[in-house]
Amino acid sequence: MPWDRNQMAARAAEELEDGMYVNLGIGIPTLVANYVGEKDITLQSENGMLGMGPFPFEGEEDPDLINAGKQTITELRRTSYFDSAQSFGMIRGGKIAAAILGAMEVAENGDLANWMIPGKLVKGMGGAMDLVAGVGRVIVVMDHTNKHGDSKVLKECTLPLTGKGVVDRIITNLGVLDVVEGGLKIVETAEGVSEEEMRAATQAKIV
Amino acid sequence: MPWDRNQMAARAAEELEDGMYVNLGIGIPTLVANYVGEKDITLQSENGMLGMGPFPFEGEEDPDLINAGKQTITELRRTSYFDSAQSFGMIRGGKIAAAILGAMEVAENGDLANWMIPGKLVKGMGGAMDLVAGVGRVIVVMDHTNKHGDSKVLKECTLPLTGKGVVDRIITNLGVLDVVEGGLKIVETAEGVSEEEMRAATQAKIV
Amino acid sequence: MKKVYSSASEALDGVLQDGMLIAAGGFGLCGIPELLLQAIKDAGTKNLTFASNNAGVDDFGIGILLQTRQVRKMISSYVGENAEFMRQYLSGELELEFNPQGTLAERMRAGGCGIPGFYTKTGVGTVIAEGKEHKEFDGETYIMERGIVADLSIVKAWKADETGNLVFRKTARNFNPPAAMCGRICVAEVEEIVPLGSLDPDTIHLPGIYVHRLIQGTHEKRIEQRTVRQKEGA
Amino acid sequence: MKKVYSSASEALDGVLQDGMLIAAGGFGLCGIPELLLQAIKDAGTKNLTFASNNAGVDDFGIGILLQTRQVRKMISSYVGENAEFMRQYLSGELELEFNPQGTLAERMRAGGCGIPGFYTKTGVGTVIAEGKEHKEFDGETYIMERGIVADLSIVKAWKADETGNLVFRKTARNFNPPAAMCGRICVAEVEEIVPLGSLDPDTIHLPGIYVHRLIQGTHEKRIEQRTVRQKEGA
């Protein structure tokens, strides 16, 4: 059976190793924080914070303390604050070990599209282009197909790119794929999902 | 009579206006601080400090608090500290209103040489090249001639440059010269020094 | 040298000009110079370009200047929270230059640091790279981005002393230091001006050299997305 | 993830390699990683290149590695305080690349921030500009300088917590943050490791993400130029 959102997040959490500094995108990636367990993971919020804590208790919200999704959050004992130039300096400089991000489309060469649909309202790329260009490892978490049943794992992206050849690993509801020389490689499938089912749902070349 | 070191420093201090952030080089420029009087001047030390105070009292030296000449100094109530990248960011970015520096040679086009004599021991340019390239106004304070009586105010510098066309004003023991279109312009002479004496001691074209 | 002014309007007096480029601090509605934005609205300055990560919401932040049509162009990374923005943009009244967030922050910092151009991997192979110089370094392709020098910077800090030394609080720091650095003139608003000497010189986030004018005021500090968790057992 | 090591030698174990590029913090003898330099001497690592503003004095700082001929090349802005340096340089044993001080600091910061090149006015028209790319921006000429990425950074701070968050003291901060940022691995020495949570998150100068290994030790903190004034009437 395909993974649900929480199972995808739990699988993504397995990618994280002790001591890592990690940036989580909005949506399913945010849920990854619930599954890191005992691992010593430090979350970066690109608006200027390392060591992001959980949401505050009611009445303890601080307007000066938000995450990159503009949500109120809390700090931890390890927290440090810095300005946006420093924050993206560490992103661009490869100091963040991994980013776990959602996507609209991923291509077999690692191209990623997750910021705009031409003709629709365009809100902007925010920090996504910097993250995919800079962090050590880009892990995409998304449904394998869109609501029409079309594959989001493509030979070529059709939407404007967020980054070219930037994706390392794709975690979908059907399983896990790596971007390798010549195409994608199936790393594993969700329990009860066959490789054939994954291939059928994938437009990209699987090698 | 030509100015002595302290008179040159006092004259240089007249260049400074209320509210200015200023960088003073070693030698005579350091003495300028003694003549700012009631003016609200903030001294930058390019190793990472704004609001440099005087030398400490004996026994109050702090190894963590030195100026760019590596001398022990003190802080003031307005002092802020920052790192070297930030320090030269403000220098390069034109935030320092003026630098008052010594020189070996100045040319009529504003070229400045004050960091090396080929064939002699070369210690390095330190922050001098950044200062002359970045600050709002470069004021040179030096003797008009060297110990052999040769002019240090030249048609062209003979020594390797610290900066090209960077000097705005020259204050020597004989008076004050500005770098203008086509050469140097005499602004004033020391009391008892005639324009003819200054011209005779100057190799550069005076317009 | 007096930096402290009595009001936002007084602090902006003689500084505002139609058509100018203003760099503004803040991320979302966090750490935005809300009093100075209100004073710009009151002054009625027109045809403004803002370099600002976001464009506020309809009735707060830069949004209040969109309502009055005072903004001609935004240089931003994310503008999704503002219906009036979208209306003006789609109707062609408002120009928009998207910058990746890190590129925007670094462009401001560079402009303030005398760096007219720098190379980044961000945006290579995307629409952001179109028309920009490409260069190889050690076998990888980068694009050149330009430093931004603004005519005016407006920023919001937590505390200041009278010489303009600024201290920020938590994630309200964000774009404020780079925005302050890149302005030919920088006006700052703070919650409290403290006596000279009461800020620890080691904890000053932005030295007063960057701040030309300063006001103290009361801030609404609106929260954009109030998210909370439940106390266990409550 | 354990970052705290028991000694400088332990913290450098497995990290040192002959011929590597090391970025070192410090200005003069102020804020230099004296314990790590001693440990590098003890390890006997050879053919080192140091990116460091200065080269220490004969018997302190990088000078101790010059005595043992462990240094092949210096990238520095000022090296005047070291007789052994001059001897080795003039005899051709030691290579020297002069960088203007601000260019060196910015090269380190750029390297740490993923910026492989940037433009500066510093050095235009001087020997420093020779062989470097020149480019016009808005009618002025600039030269391109490269970001530095070091194999190893060694820095000295005042306090740290166990996650590597660093706090510096007064002008001992200097090159330490940019040097730390540009290293693939950064080892820091501090005067005191304080309990987690005892550093105010708003006052951390360098976030722990930049610091991979950490030691606490006793520092000599030698003064290079002791200058004092007399108490009036004393």
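Here are a few things to note about the model shown:
Per-chain numbering from 1; labels A, B, C and D assigned in written order.
The rule is short, and it goes like this: a contact is a pair of C-beta atoms (placed from the backbone, for glycine too) under 8 Å apart; a residue touches a chain by one contact, two chains touch by 3 or more.
Treat the numbers as computed from the prediction; the structure is a model and nothing was measured.
Between B-C and B-D, more contacting C-beta pairs join the chains of B-D. Subunit A and subunit D have Cα centroids lying 35 Å from one another. Computed centre separation for the pair subunit C/subunit D is 32 angstrom, with centres defined by C-alpha atoms. Averaged Cα coordinates give subunit B a centre that lies 27 Å from the centre of subunit D. Among all residues of subunit B, those that touch two or more other chains are 75, 81-82, 88-89, 91-92, 133-134.
Shared interface positions of subunit D, defined as residues touching 2 or more other chains, are 106, 109, 113-115, 120-121, 168-170, 173, 201-202, 205. Every pair of chains in contact is given here: A-C, A-D, B-C, B-D, C-D. Of all the residues in subunit C, the ones that touch subunit A in their complex are 27-31, 53, 76-81, 86, 98, 100-103, 105-106, 108-109, 120-128, 158, 168-178, 205, 221-231.
Of all residues in subunit C, those touching subunit D in their complex are 106, 110, 113-121, 135, 137-138, 140, 142, 146, 167-170, 173, 200-203, 205. On the subunit C side of its complex with subunit B, the touching residues are 1, 109, 111-115, 161, 163, 165, 181, 196-197, 201-202, 204, 207-210. Those residues of subunit A lying in contact with subunit C across their complex are 45-49, 54-58, 60-67, 69-73, 75, 81-85, 87-89, 91-92, 111, 121-130, 133-134, 160-165. On subunit B, the positions that touch subunit C within their shared complex are 18-19, 21, 40, 42, 44, 50-51, 75, 77-82, 88-96, 133-134.
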